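Okay, so chain A shows up in both of these, paired with chain B first and chain C after.
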Partner chain A sequence: MKLRVNGEDRILDKPLNNVGQVLDYFGVPWVRAAVELNEEVVDPGLFDTTPVRDGDKIEIVSFVGGG
Partner chain B sequence: MKPLIIAGRQLKSRLFVGTGKYPSPGVLSASLEASGCEFVTVALRRVNFSEPDPTLAAIDFNKYLVVPNTSGAKNAEEAVRLARLSRAASGLSWVKLEVTPDPVYLLPDPYETLIAVEMLVKDGFTVLPYIHADPTLAKRLEDAGCAAVMPLGSPIGSARGIKTEDFLRIIIEQAHVPVVVDAGLGLPSHAAQAIEMGADAVLVNTAIAVAQDPVRMARAFKLAVESAEAALDAGPIEQQDRAAASGPLTGFLE
Partner chain C sequence: MKVYINGGQYDLGGSPTVGHVRQQYCPGADVVIVNSVPVSDISTAVCEGDHVCFFKKGNLPEQRELETLILARQPEAITSRLKAACVGIAGAGGLGSVVAENLARSGVGKLVIADFDVVEPSNLNRQRYTLAQLGLTKVQALADNISGFNPFITVVPVHERITFENSGTLFKGCGVVAECLDSAAEKASIVSGIMKHMPQAKIVAASGLAGIGDGAAIVVRKIFSRLYLVGDSVSDADDGAGLFASRVGIAASMQSHVIIRLLAGEKL
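Right after this comes the complex of A and B.
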């Protein structure tokens, strides 16, 4: 399966069905993470029901220090 | 001083603290504690899968009002995108709006800021924009529905203190929303000066984070802000052009 994740093309070694599985695949805790799927923000309550498809563009972001 | 209320939320401390540039998560956490602050800012970035940022774990989201900024945004569209992602990540609709296309002085773009404010307010956000100390812009942003305005003292991280005093005074005089002096405060005396001028709060990051001892500096800023508040409550005297002797004016043998 191929996804564009945070600006990089990634070939995944297993198929993933939803946004929650993508977060788990990359080891990202769900809490305080936000996801854009094809430039639309995904409701965090719907991570595990929002489907991902081959070729999707995903941004995974979270908080860092800032002023 | 009257209580500080932003968008219906009362804040106990007038010292707001940013979370960037600390030497370690432990020092960040201890500095926030020592500052006595309640309002804390964070930024939003792509997750680095191989090296996750440890800052997040140092911030107690239950204890502090954690407000994401839109740093990195160069125009309104990018700022709104960052704000929407931040809201999804924090579960909170507060945003410190920063639109800074100029990489050298990080000065805020007033035009893009106003456009972003209009979009974000319509979308239900509580918006606190970082702006130049421009009274006309502050008014426009207040009219557009901002919950506060955050004019700069001097460029971000410059530690130059309050270089915009005359214009900050006009903003403070005219604003009907809280005025938070943001950026450029390098010393506790700068923070005290802002509060003594009538600013509702100050935001400090670099001056604490990059100090040799951030925890002690956080405490120093806390004391300065509290000192200025106490002074205002005590009723400061007016400035005079001439001397006014503190003791009797008769010659000492008369």
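Right after this comes the complex of A and C.
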């Protein structure tokens, strides 16, 4: 499966169905993630029900603590 | 020709110099600033549209001139844009208290500052509060501090916990929102909330500022279409690296600087 992740084309070695699975694939804890899928923000409560398709553009920010 | 002297508009005839104008409007002034630049040569010509400030050190300035004098070192074209702006600040801790101070000193017209917490001792190593403010809500303490150096801006203190759901309502009307929270989960949630509920707003968030690592590793990256992320992206306060005024302050100053550039109309 092919996705454009944070501006880079990535070939994933297995098919992924939703945003939550993409986060797991890249090892990003859901609770720290802000995600844009095809330039639309994804509600953090809907990561596991928001489908991803071949060729989608996904931007992921994984936050670390401190302020 | 029209010139601005300590904020007032005047019609001057002839070819006046700084010295002539000073003699007429503020004799004895030892601080002379023309279009944001300190001037020592009083034979410098004053030109149409110039913004000239005079001040005699040790004097108490007239209230009506004070706002102009506070901002005398900033070019008027930028100051007028900042004055027209409204900025949201999500969190009034190590990042938010510094971002708010920088924006208020620069004359950003309206700041909506939201935070649910009160000032406690472990804040004081990096957050801009004093011992006398222990126990006060941070938003009130910050509003009080700002009124002590720039009473001419509007501060809206919101003593409330910011959530994904309420973020759009709390910061309604803000063209830019600074994410200044402490916990990674809250950062992710509030950035998502603002992205979703404020489709026009730009967001300047911070991630990766803990510890005593290289200050120059803190950079600005544009992610998404309208999110600017300040930090090194990896230094996590949860790893025990600690939080220091100097490094948190670099990130906060960088956040406020991005905001000032955006408000000034720079394309970032």
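Basically, the second predicted complex is superposed on the first by the 63 of 67 C-alpha atoms of A that agree within 3 Å, B and C clash if a C-alpha of one lies under 4 Å from a C-alpha of the other, contacts with A are read in each partner's own complex, and residues count from 1 in each chain.
By our rule, contacts are C-beta pairs under 8 Å (C-beta built on N, C-alpha and C of every residue); 3 or more make two chains touch, one makes a residue touch a chain.
Please read all numbers here as calculations on a predicted model, not as lab measurements.
**Q** Just to be sure I read the superposition right, which of the two partners does A:G27 touch: chain B = first, chain C = second, or both, or neither?
**A** A:G27 sits against chain B, while chain C stays out of touch.
**Q** With both complexes overlaid on chain A, does A:G66 touch chain B (first), chain C (second), both or neither?
**A** After superposition on chain A, A:G66 lies in contact with both partners, chain B and chain C.
**Q** Looking at A:M1 after the superposition, I want to know if it touches chain B, chain C, both of them or none. Which is it: first, second, both, neither?
**A** So A:M1 meets neither chain B nor chain C here.
**Q** Counting only touches as set out at the top, which of chain B and chain C does A:L12 meet: first, second, both, neither?
**A** In the superposition, A:L12 contacts neither chain B nor chain C.
**Q** Show me the chain A residues, by the header's touch rule, that chain B contacts in one structure and chain C contacts in the other.
**A** 6, 32-36, 41-44, 59, 61-67.
**Q** Which bits of chain B are touching chain A when the two form their complex?
**A** Interface residues on chain B, with respect to chain A: 18-22, 28, 41-47, 49, 52-53, 55-56, 59, 61, 66, 68-69, 71, 81, 84-86, 88-91, 156-157, 183, 203, 205-206, 209.
**Q** Of all residues in chain A, which touch chain B in the complex?
**A** Where chain A meets chain B, its residues are 6-7, 26-28, 32-36, 41-44, 59-67.
**Q** Can you list the chain C residues touching chain A in their complex?
**A** Answer in residue numbers: 91, 93-96, 164, 180-185, 187-189, 191-192, 195-196, 205-210, 223-225, 227, 229, 231, 233-238, 243, 248.
**Q** Contact residues on chain A for chain C in the complex?
**A** 6, 31-36, 39, 41-45, 59, 61-67
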